[in-house]
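Input: one structure, supplied below.
When the chains are written out, they are named A, B and C in that same order, and each has its own residue count from 1.
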Amino acid sequence: MADYLSITDAERAEMMKLLGITKISELYSDLPRELRRKKFALSDGRSQQETYAALAELAAKNATYRSIFRGAGSYHHYIPSAVKSIVSREEFLTSYTPYQPEISQGLLQATFEFQTMMCELTGMDVATASHYSGATAAAEACVMCADRSRPVVTFDNIDPDTLETLGTYLKARGIELKVLHAGDGSAQYPSGTGAGAVYFESPNYYGILEDVNGLTSAAKAEGAKVIVGCNPLSLALFKSPGECGADVAVGDAQPFGMPMSFGGPYLGYMAARKEFIRKLPGRIVGETTDADGRRAFVLTLQTREQHIRREKATSNICSNQAHCALTAAVYLSLTGPQGLKEVATKCASNAHYLARELSHAGAKLFYEGEFFHEFVTVTPGKASKITAALERKDILGGLPLDKHRILWCCTEMNGKADMDEVVKTVKEAL
Amino acid sequence: MKTVFEKSVKGRRGVQPSALDVERYDYESYRLREELVLPELSEPEVAAHYTALSKRTFGVDDGFYPLGSCTMKYNPKLHEEIAALPGFANAHPLARADKVQGCLAVIDTLSAYLAGITGMDGVTLQPCAGAHGEYTALLMVRAYHRSRGDEKRTKVLIPDSAHGTNPASAVMAGFEVVTLRSAPDGSVDLDDLKAKAGEDTAALMLTNPSTLGLFEKNVLEIAGIVHGAGALMYYDGANLNAIMGVVRPGDMGFDLVHLNLHKTFSAPHGGGGPGSGPVCCKAELTPFLPDPQIVRTEKGFRFGRGDWSVGRVSAFYGNFGVYVKALAYIVALGGKGLREAAETAVLNANYLREKISYFYPVGDRRCMHEFVLSMRRLRDETGVTAADVAKGLIDRGIHPPTMYFPLIVEDALMFEPTETASKEMLDAAADALKEIIALAYSDPDALRSAPHTTPVRRPDEAAAARNPVVKG
Amino acid sequence: MKQYTGTHEWVELRDGAAYVGISAHAAHELGEIVYVDLPEPGAAVTAGEPCCELESVKAVAEVNSPVSGVVDAVNEELADSPEKAGEEGVWIYSVSSPVLMDGLMSEAEYKASLE
């Protein structure tokens, strides 16, 4: 049995002697008697070796693929070894929230650098230190921007998990959520929605790039706040939400160095214009100086947070995804601007190659809009047959959306040979 | 120390992606951004930068870390290797259920263990942190009452000693907060509870052991009052480390609990996250658990959805890579090991308390896994504050305890040694504290200007808040 | 002449308008003030009810208005120098046609209440 304790029997006896007790159970004398009497079975533990074997056996029950063409919110990217090595340093991995700045300067500075990178990518003035996921970042941003009397408006082409999470969070606060239909896969903003806040994604769930400028100005013209959800990798190439006039940018930065890991932990991010700085949910690191005038970093604007403002806090968030934010900062430092653009370009180029070849093979594009690295094909009645045929070749195909449509994703992990094999398999299945 | 941006040199490259082997796709120029400013560094420089930053950060392996309420126990290295197994790390959350049976078995097995440890029936692993678990559980409380046509239960009772997340979560879940007065020993004031529990009460949120590190002796009577009013009992699992394997919240009369797998079950804190905050509940509340649920069938596990579910609270299934570490911990320790961990945590806390308790203890009862000292008398007599004492500990290689919490104790310092601390650590901490208290009387300025051994001294937090500089 | 509330605000009538600030004692308890969430000119305030907030690094204090009426002006200087809100005699907002709350204390009574 593994136990990780450092107290020997002799020490235990000595400590108990100091406390004047002969049995450990005396320490639990405050427990009501009927609770102390309650008996329940306790299992034996296992050695580290046995534990590893037991968990490895479970891991082996999952299918492994030689190539992956599925995204839809979880992306298979290359993670440089240096990322994994650096972030696994125990100081980063095991420390608590940096409430003691003098012994947390490293973590605070890394978070400050992460905030700077997210501001740069999104074109915003301030970024938080992280959120649980893109879904909760979107939900918290909508709650922040909403006024109680007007609805939040969104579209049915956003990520479905995000849409459900928005529904949960807004309903609890008594805020109406209006979901508009995006007819041809792209959002159109009609006048007269009466929205207090508008949320849309670009690229959206179907991979399509929205007219961020047009949607933002239409919504703002009617007095709504605008929140844009973005895969931050796409922002290596495209105009940022900030440049397009949006108020808040959110999303999930899992593509920056985090494995798919069955859906988490990922990295919700939120960045906003500076007028939101005292309304933002969650931690923010700021720069200041110490008693000797040296630069120092601290958690700042803490009066927004639950540990001070309690029921009047801007959010209940305490633990966030700090280690994932560090991972993203290390990833972005390693790729640099040029490397990140190359990764994004390779994703987009692969996706456009695969889309064209699939189309030639009979799997036509379902939507016309320009896309980033995901796209939807239509093959009447054949979606699951296609993905099953790919599974037999150890390829994880696109995500079937229904019987007819498949949502594909390409990343820099896919080579031409893999894509050609997908096309061949699809052709055979049709 | 320079930031990674300040170290950047134009044209320097780190990791380069593999080359394109299809035609490069170019977007129309109106879509493209003009400039992207990120650090430009070589891989050796990036490694050096972050290694230097890590050395300016204090982790659990760097010394005694008795941060109260945070359960800073050792994080086994084994678990990192397990979470990184390709079968887990490369599992796509939207793969067909029959292709990810290993992941679903992790969820099912861990859920069963947690239900057993807490004495509950249903579990969700979707909440990503403790506060997220509180929020989820309160949504379930609301849905439960509404399903019974009981619309008027709009208030949640929360003791004044509670963590700030409790009232903040209650408001996010659409409730009003009613604050309960604590008795001087941090326990619930039963008269105040009786006066405030009524037909508008949805639930009582209770931390047990309390934030003063004391077991709530009257917990069964409290449950009787709350249930008698038709409300539910909610257990904040922040302090479960004192009692796991010893007594179960379900037996104490609680209907829902949230756990902090990053505290109690050894998953690392990661500098503030990611955590994992599962919710466990009694059978009558299981219909309200978030979607999706994992369903066990003869052919294996599959996903299911509930008609009465509160819906989703985040993407996918929560922080899988965190909770798989908690499963490894429970498998390794077993029920017996968990109980021994709890008992040792309580022994360590009482031992340290005994050695230093003549410094301003709060209460005269034995503590559970943590205890609180009040530095009020020290401040009155020397002008040295709880924060000054904390900074003095830093200079002696010890991470400070939690400061100024719980709010019901003036100038509080809250110590939680955890079970993995050695006796030498506890003895050294007691000695360090004695030395600091003596110094407060002989040379208070030495403490007011502490720490002296760190890369920076006390930062000007007022300047940071007054003129926020939040990016480089 | 200033009059004080039990929650440490003061009010002073000058030329028919009421000027409101916080006592030196309250400022000391709160610590260095880093932000003042000023009320909006034109907003109605109610005696005894919170109308704006002062923040230090680790605490938030609500200012309970000693008067009812409509906010006439706010001390714009506090936007850039919030720490001044804690200085003796510095006003935060003024109210025209004010109705003072009952039970205000004189300076001497207030000081006695702090003992």
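The rule is simple: a contact is a pair of C-beta atoms (placed from the backbone, for glycine too) under 8 Å apart; a residue touches a chain by one contact, two chains touch by 3 or more.
Computed from a predicted structure; not experimentally measured.
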| item | value |
| --- | --- |
| Chain separated most widely from chain A, comparing mean CA positions | C |
| By mean Cα position, the chain sitting nearest the middle | B |
| Euclidean distance of C-alpha centroids - chain A vs chain C, Å | 44 |
| Separation of chain B from chain C, taking each centre as the mean of its C-alpha atoms, in whole Å | 38 |
| Distance between the centres, which are taken as Cα means, of chain B and chain A, whole angstrom | 20 |
| Overlap residues in chain A, where contacts from two or more other chains coincide | 302-303, 308-309, 312 |
| Residue numbers of chain B (touch at least two other chains) | 461, 465 |
| Multi-chain contact residues (two or more partners), chain C | 35, 55-58 |
| Contact set on chain B toward chain C in their complex | 404, 461-462, 465-466 |
| Contacting residues of chain C [partner chain A, same complex] | 35, 37, 55-60 |
| Chain A to chain C touching residues, read off their complex | 278, 302-303, 308-309, 312 |
